[in-house]
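Below, chain A partners chain B and then partners chain C, in two separate complexes.
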Partner chain A sequence: MKTVDARGLSCPEPVVLTRKALQSKENAYQILVDSETCKENVTRFARSQGYNVKVTVKDDDIILDLSK
Partner chain B sequence: MGYDTSDDASVYKVTDDTAVINTTDFFPPIVDDPYMYGQIAAANSISDVYAMGGVPKLALNVMCIAKVMDKAVIKEILRGGYDKAAEAGVIITGGHTINGAEPIYGLAVTGFVHPDRILSNSAAKPGDCLILTKRLGSGILTTAHKADESLVSARLMYRVYRQMATLNKYAAEVMYKYHVSSCTDITGFGLIGHCYEMAEGSRTSIHIKASAVPVYAEALEMASYGLVPEGAYRNRKYTEGKVKVYEGLDLSLEDVFYDPQTSGGLLISLPESEAKRCLAEMIAEGVDAAMIGFVTEGDDYAIYIDK
Partner chain C sequence: MTEKKERLTILIAGLIVGVCGALLVKFGNPKNMGFCIACFIRDTAGGLGLHKAAAVEYIRPEIIGLVLGSFCMAFMKKEFQPKGGSAPFTRFILGFAVMVGSLMFLGCPLRMVLRLAGGDLNALVGLAGFFCGILCGVFMLNRGYSLKRTYKMPTLEAVAFPGVQAALLVLLVAAPAFILFSEEGAGPGALHAPIAIALVAGLACGALAQRSRLCMVGGLRDVVLFKDTKLITGFAAIFAACLVLNICLGNFKLGFADQPVAHTAHLWNFLGMVLVGFGSVLLGGCPMRQLILAGEGNTDSVITVLGYTVGAAFCHNFGLASSGKGPTLNGQIAVIIGLVLCVIIGLANSRKE
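Let's turn to the complex of A and B:
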């Protein structure tokens, strides 16, 4: 599964990276972010591309599991 | 205006028929074209005077020059500021410039108002209607454009910048002919944030008709792509628990309602009996205005977003 580590980046960069990664059109991705704003924005983007998003919070990191 | 409500400008009564309004605002560049940036920064700085019911007259440049800026760029920014000020009938009489890491530009503006005609953002009355004078979504579109220039057409961005650079003068000049109870300009707190301040300050509730609010359609699309600026989430958090939205409201439209605006329009609260005439006159003057809601007695929520 492809992972995008967007921790430490501020918006809109995590969305830009996720958008690039999703061009490979796989069924599952994992995106790591560390802010509420990025979580919301990446979730919005993933949903617009037809993915379901599962959110897990681990310490300071937010893990977004994208699946089709 | 006192410190308890949240107006941005200060007003000082000099004589029985004259009060002075002072206000300033400045920000780093939001557009590559320095002339456009100067115009937007000036229009934004001057806007507060209109929101307070006044007429702007004098201004000082406030500028920070970064090492990367060459002389031609600085000149263009200042030319933008001067031209916009002139359009507003404002004379720039001087100013102050410092050197720093990031460019900044804006104006410190002085205006005048009759003490009985001062408008505050906390005097909306039950029974009033609300008029908004600029389209929403500029923050989201600017963010999207920054993320990837191919996402938003140059043509649309130009429209957005043009709107930011549009003086609230034209809306204000119409507004001054009516018995306006309250006014504010839509800036960093977004539509809902500023409505919230108005509702709280005047102990009323505000109803917004979602479908009546003018928004850039492309901003809705960009919001659904997650290109929502951080400020919009801050605004959402700031008004958490104060806003009641109807079930089924599109999340993207909601995002646009929280979207921070640069040099946004006026939000005007005035009696229902005058609202339609005022709106028609604004539209005739070329203002992109719309009736977006109404004011009631204070209810459970400060803001209701209706279908």
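Let's turn to the complex of A and C:
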């Protein structure tokens, strides 16, 4: 499974990186972010690309599990 | 937040910002300038004596309110995060450049929308430039542009800026002799809504902008980049609300000539906003958004706001800022330099694919 570490990056970089990763068209990805705004933005984008998003909060990190 | 709720929040935030934009004029702010982050930071710089333009000296409570509104809301929603360290000096320079562009056009992206809602067609030329600037920024983002990661900061580092804003409010109210106020009739700095009204409007809009992530640059950027229309909903809502109120209040006047605090030098309105759009995409948000992020604990945005402030002071000390009569030669040179700097910063921070 491909992982994108977008922690600490400012908008819209996490979404740009996610979009780039999604080009490989796999069924599952893990995206790491660390702010509520980035979580919302990546989630919105992933859903628009047909992925389900599962959110897990671990300490300061937010883990977004994308799956088809 | 679900997607539907996100959209509703930004729609409401946009409508209220638009209403405040129109009403603050009614209460005394300059025409088509209910809010203008660039102009108001410039006025605050003047109030503190950082420049000597007697027409634009006043500590604007709207700015204080936006930062403190965002700070309080972020704190309540547990979104206050002390962080920073992502290329601070580069951000300072970009902030400086964005201010140069804003004062060439005479308005930040928010005032551009408010000017459009007042019928000022020069703002349409500005909007075209703004869009081109955003395209330049998106080009850099697609090349892999990044100012790298932020890191966790001590809490005091992040609380300091809201603290400074609170101190500015004390200075404004106490008005000691070293705080400057434009004299009546001197210019835009003398026109302002009562402190309490301006502060409450700022607080409300700051809190709503924090919740909704409202951003003028983000609106167009996300449409171009991801076909995502969330942020542009806010942009449209501000325009619609302010337009309707301006028509009701008799503040709508369609045309290019004789618009309040504006000039008709099309090329420079255009280029000024190219610089604002380009620089703001490289910064990750428009001037209003930077104030909101600064309130949320992002010290990189604090540095950006300091860049705006110093930029504004330089603009008036060196005659870079336009006036109703038009742009200055110094200002035109500064805008070109600013664009060159954006290209250099954009290319230098893009990783090769």
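To be clear about the criterion, the second predicted complex is superposed on the first by the 68 of 68 C-alpha atoms of A that agree within 3 Å, B and C clash if a C-alpha of one lies under 4 Å from a C-alpha of the other, contacts with A are read in each partner's own complex, and residues count from 1 in each chain.
Going forward, contacts are C-beta pairs under 8 Å (C-beta built on N, C-alpha and C of every residue); 3 or more make two chains touch, one makes a residue touch a chain.
Remember, predicted model here, so these are calculated numbers, not experimental data.
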- request: Evaluate whether chain B and chain C can sit on chain A together after superposition, giving fit or clash.
  value: clash
Task: With the two complexes superposed on chain A, say which partner A:60 touches: chain B (first), chain C (second), both, or neither.
output: second
- prompt: After lining up the shared chain so the two structures overlap, which partner does A:21 touch, if you call chain B first and chain C second: first, second, both or neither?
  reply: neither
Message: Touch test for A:48: chain B only (first), chain C only (second), both, or neither?
response: both
- request: Could you tell me if A:11 is touching chain B, chain C, both of them or neither one (first, second, both, neither)?
  value: both
Message: A:36 in the overlay: touching chain B, chain C, both, or neither? Say first, second, both or neither.
response: both
Task: State the stretch of chain C that overlaps chain B in the combined model; pick it from 63-71, 99-107, 153-161 or 171-179.
output: 99-107
- prompt: Which chain A residues contact chain B in one complex and chain C in the other?
  reply: 10-13, 15-16, 19, 36-37, 40-41, 44-45, 47-48
Residues of chain A defined as touching chain B within the complex: 10-13, 15-16, 19, 36-37, 40-48
Query: So in the complex, which bits of chain C are touching chain A?
result: 1, 3, 6, 77, 79, 81, 83, 86, 141-142, 146-152, 213, 218, 221-222, 225-228, 230, 284-285, 300
Statement: Residue positions on chain B within touch of chain A in the complex are 143-144, 146-148, 223-230, 233, 251
- request: Sort out for me which residues of chain A touch chain C in the complex.
  value: 7-13, 15-16, 19, 34-37, 40-41, 44-45, 47-48, 60
